[in-house]
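Each of the next two complexes has subunit A plus one other chain: subunit B in the first, subunit C in the second.
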Partner chain A sequence: MLNKSSAGFKFGFQILAIVAALIFTTVVMLLAKAPPLEAYKLIFTGSVGSIGKISDVIVAWIPLLLATSGLLLTFAAGLWNIGIEGQITLGAIFTTWALRLLQDTSMSPTLIILIGFLAGILGGMIWASLTGLLKIYGGVNEIFGGLGLNFVATALTIWLIFGPWKRPGVGSMSGTVPFDNLLWLPQVEGLRMSWWSLGIGLIGIAIVYLILQGTYFGLRLKAVGKNGRAAFVIGIPTGKYMMSAFFICGAFAGLAGATQVLAVYHRLIPAISSGYGFLGLMVAMLINYQALWAAPVALFFAALNIGSIQLPIVLKLDSTLSGVLQGALVLFVLMMDGVRRRLTAKKVK
Partner chain B sequence: MNVELVHIHKSFGAVHANNDISISIKSGVIQGILGENGAGKSTLMKVLSGFIQADSGDILLDGKAVHIGTPSDAIKHGIGMLHQDPLDFPPMKIVDNMLIGHDGGLFPNRREVSKSLKELQAQFGFNLDPEAYVDGLTVGERQQLEILRLLWLGAQILILDEPTTGISASQKAKLFETLKKLAEQGMVIIFVSHKLEDVEGLCHKIAVFRQGSLVGEAAPPYNTDNLVEMMFGKVISLDEKTRLENCEPAVEVTNLSIEDNRIQIRNANLTVNCGEVIGLAGMEGSGQRQFLRTLAGLMRPVGGDLRLGGKRLTGKPYHSFQDAGISYVPASRMEEGLIPGLSITEHFILSEGQSGFFIDREKAVTISRERINTFNIKGEPVTRVEALSGGNQQRALLAMLRTPLRLLLLEHPTRGLDIESSIWIWSQLKDRCRQKTCIVFISADLEEVLHYSDRILVFYNGKVSQPLDAAATTVDQLGQLIGGKGF
Partner chain C sequence: MDNNTLVGLAGILASAAPVVFAAIGETITERAGITNLSINGLILLTAMAGFATSVTTGSLLLGFLVGALIGAFVSLIVAFSSIALKQSQVAVGFVLALMCRDLSYFLGNPYMGLSGPRVPSLPIPVLADIPVVGVLFFRQDILVYSSYILIAVAYIFVFKTRPGLMLQGIGEQPATAYVRGANVNRLRYIYTIIGGALVGMAGPMYSLSVKVGWKGTITGLDGIGWIALAITIFGGWNPLRAAFGAYLFVLLQWLGLVLQPSLPNIPSQVLQVAPFPLMILTLLLVNIGNSEWVDRTLAGLPEEVRRFIAKVLRAMRTTPPAALGIPFENE
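And then the complex of A and B:
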């Protein structure tokens, strides 16, 4: 019999969870009368089948990684920052705003791009701070506050696209007028990815890892998250630390939004956050809030997203199938973890 | 209905909360259950009312053994319990509160309920409006509502757990009158309390609990000294105590008034000399916790003044209290003291204060090893605090305290610990006193209070006694004061 508290036992359960998620997704496909093997193959070739596909995966990976990085800090402080979607959106809006203001001036494009990034960070921070203020001073749970602000952010985007920032003539769901090529973050020749944004993503997660592993700030954040009352009695100003978590997460989210504008869409579109905030929540849960695993798991999720793009064309399946698989993974991993805990707890008694 | 509890045993982990309890109560009797906190009174009542299950033993109603698995089983057998905190639904109307827990089909008949409520009220002279909302009621009125609800559901046995806490004197008189009337009608009333005067004034019979056992029963006329001795055990002989040489006043509390939703403390006064130990005695919920938390800066007083070494701290935030050299060690170690999921070393890092931005892990582990040795903690630097035993958690909490301290506040510093750990912890605390730290502590253990304090404050229902000289006080005197006699 396996030792129930061993690492192997834990690992076995995680494998079991992944298998269960695959079975579940397969059953869903069979119910939808779709060929599962072909679908998995398409997702695979659609994500790593060519250099172009891989570059597309990386393009999706960066905002997801940035969102996950920020969320690791709010989760550490015991906060459910559902409002991250709105924070990404506001980052994108602020970046677009800065670019629109500066694009016709004589300022150098590099400086404008830099200002664009800073504006995005600012936008995300402002939006996150609203959730934080509501939570800490208004007693509004951050889940409700964040959710409400997400709706406001979406409405704001639509209003801007169809109102003040509409294309000449009529506004369109395809977004605002694209920016000049000079204001694009430099891309790799012939591909959609950019070394610059890749660098930002990797540096971002590295910073978060360092904060959580090696700093007083990170340790205190964890103390607040794990037991706020004791943390306060020990002498940590819990409100301040929660607020900082919101600020930093907002900065990361804003950065993700800025990347979407500067490196991917080059304009403001209605669904500018692309759901990377919610996906980031799933990644954070799946990796059990361990920063070390954020990059590989986010990469895997990004690959699923990009890989499933071909599904509608080839198999007449909706591309949300990747979402089914991602959601099933998170659910089964959490569930198996619960099962494992129950089993080990019984053994202790 | 006659109730018999036969050989009831109930353990929570290592604690034997009910050890072979047998008690029989006849119809029409008001039975008092007396004992200090943790004596096992509430456990037995929860067994009888179906909230928890006994490990072994029987419950007999009118001589027949019954199985009571849930509170709704209990009410079907006619057993209703009135909890210390009313189990009602404040945002709902009184009539809806009556209906909850009643099997009345899909559509409740509110009008009928209102009618029977009025009839019941008329019997006892209560005056509750069925359409009123519960959150507008006083604690006494909520109690009345709960009594009415249980009677309406057909209760023949009424259990009341500490019912006189938080209600006014006139409401208490009315409650007692009601209970007497119900007993005359043949009901069994079980009255759980630690208040001597209440039990003595109301009950036909008293059973006294101590440390999980039924230690004796008494019938009127009651001898208070006897009851006190049964509650707290024999008079203990004290070892020689080393008196510390006191110096100038370090803590001055003048006319301190404290209020929360449970208790009001008016005009408490206390001056603590440095190196002095003050014990706060009293039944749980008598105000000593609020007093201690106010000294810690965790609660704001509504009036009065608080000074430490001449510096006024009243109204300052908690961190100013900490900066002034005050530390607080809470009783609920895992809720307010330690952070589950973090290691011993991480706790020391947190309590130590920041130096630089990055943590020097190596240095932290070295410090952690030193303290684990000094404080004799059975654990490793990487051990998570939730994996430590209670005694070792308490040692870890003490090891987290800063040096020097001016005022150390402790809540139940040795609760749940074995004797060896308790003695060791007090030797550490006495060391602090020699470094001129004042100590104010709460304990439910009278021996501990008498043995380690220089002076004692007794709390009763928000009232604070004059400081008593511990050397000139006996367990009996203290027990009487705790029970509310002599205020």
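And then the complex of A and C:
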């Protein structure tokens, strides 16, 4: 007989949740009179069907992984950093700003790219610190401070694209003037991915894993998240720790934004964050905030996003189907976890 | 006041009606101790579903019914996950917010840009002919009148009736309410469902009256739910103050549109987000009085200044129901 608290029991419920999510998504497709099997097949071939597709998935994976990495720290501190979308956006804005200032100087392109990354990190940190200050000194819940700042960041982007940074002639939704090839992060021959950004993403999650698993700072951060009052009583300056979590998460978000500019779009576009901040929140919830699982699950989510691009082209379906599946996965995993805990608790009684 | 301004202001009352529904729905839910974070997606999903239903069946009533049912059902998921499954309300609500949004875009695809029915205007005889007031309040549609009634009913219910006191009790001190005979969790289910149904009405109010139709991502409704959540806090969990917040928000958006021609250098998208920084500012103002460092700083100021600032802060300050977001165990 299966032990109810065993890892196998837990795993079984997770499988059940995944099956439930697939059934739900299939029902949604049937409601829309769409052919489910064909749609799943399209998402699959659209994400791993060719080297080019796989490279596109990796391109989407990096910013998502960076966002998730940063969020693991704010989650560890018990914070809901919904403002991450704006932090990614500000990172992209600062990177674009740095590149625009330096592109016509005699500075070497490598140095400019490096400064671009640093500027992005700074932008993300500044935006995150606003949410942090509002939360810690103003008592404004980080969810609402962050949401408001997200909208402000989007407006700022649009103002820049149509105002001071508009293309010669008239501004357009397609963004600012693309940067010179020299200012692109070097790509793999014939593909869109870059070994450099892949390296940044993997080092990023490794750093977060180490902070959370192996440092005193990480341990105290988790204490703040688990029970802020108790942590404060035993002498941890909770405000400072929360602020640090915001700063580091902002740095990661800014890095994600910088990657979007330097390695993906090579200019500032209106939706520069591509929604990776919110998606990162979903990934973090799905993996129950365990850093070890961030990379593979983020990769899977990135694959769903890229694969679903084929849906409108071939089946005239909206590509938000990937969002439905991702949402259903997280929802059912959370709910099944609750069901499992209930069953386990009953047995203990 | 010239007629254009008057019509503009009447338009604000009309456009604010769905925000009033959403903010008061959320206020009732949060009063019971549950945070329903899903409402941004919920408004989009019910706007799409209400519109699709009315286009298909030709019945406006069915559109609103479907909206309310979806609102109630999605909110039930939040309550169930929180009460029975002990999951984080914020997590489940947030996932639902995103998923409902994506569902609305995916399922709404075939209904994009279709022309559909619209809730007719219904001037109230006699009252509509009163100068100024008539144009402002009584030449609206039934939804706007419902929003007036909802504000009054919700306020009276929460503060002046026995079940309303119980509602406050389960959000403030569930243990005491339990001892006094309230089935806390059952009441929380009921109020989450009622609140969700009200939020679910807000969607069709947009797609069948305020912004008729469904246009997918460019419908312009993404964000309203988050605003409604902020208004709930701004409103201090008081239906009257929440309604005031809703009107203020729509007024700001309207001013943005009106000012647009005189500020040609600023893209319209920028003015449309003007309410958001203001919303943060107001949240800051209503919350900052709760911070310890403010008390400490104030203590160092001259007596008169201190007393004045403290008074202003106290007047604006709001505090959430004490048990908001905390699961209740009846043991």
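The definition used in the following text is that the second predicted complex is superposed on the first by the 348 of 349 C-alpha atoms of A that agree within 3 Å, B and C clash if a C-alpha of one lies under 4 Å from a C-alpha of the other, contacts with A are read in each partner's own complex, and residues count from 1 in each chain.
In this text, a contact is a pair of C-beta atoms (placed from the backbone, for glycine too) under 8 Å apart; a residue touches a chain by one contact, two chains touch by 3 or more.
None of the values given here were measured: they were computed from a predicted structure.
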Fit or clash - subunit C, subunit B, common subunit A: clash
Touching partner for A:Phe162 - first (subunit B), second (subunit C), both, neither: second
Of subunit B and subunit C, the chain that contacts the larger number of subunit A residues: C
Subunit B versus subunit C as contact partner of A:Lys222, first or second or both or neither: first
Partner chain(s) touched by A:Ala206 [first = subunit B, second = subunit C, both, neither]: neither
Which of subunit B and subunit C A:Leu114 touches, first, second, both or neither: neither
Touch list for subunit B against partner subunit A, complex: 298, 318-319, 322, 328, 330, 335-342, 346-347, 349-351, 354, 356-359, 361, 400
Touching residues (chain side subunit C, partner subunit A) in the complex: 37, 77, 81, 84-88, 90-92, 94-96, 98-99, 101-103, 105-110, 216, 223, 226, 229-230, 233, 265-267, 269-270, 272-273, 276-277, 279-280, 283-284, 287-288, 290-291, 293
Subunit C partner contacts - residues on subunit A that touch it in the complex: 28, 31-32, 80, 82, 134, 137-141, 143-145, 147-149, 151-152, 154-155, 158-159, 162-163, 278, 281-282, 285, 316-318, 320-324, 326-328, 330-331, 334-335, 337-339, 341-342
In the complex with subunit B, residue positions of subunit A that touch it: 214-217, 219-220, 222-223, 226-227, 229-237
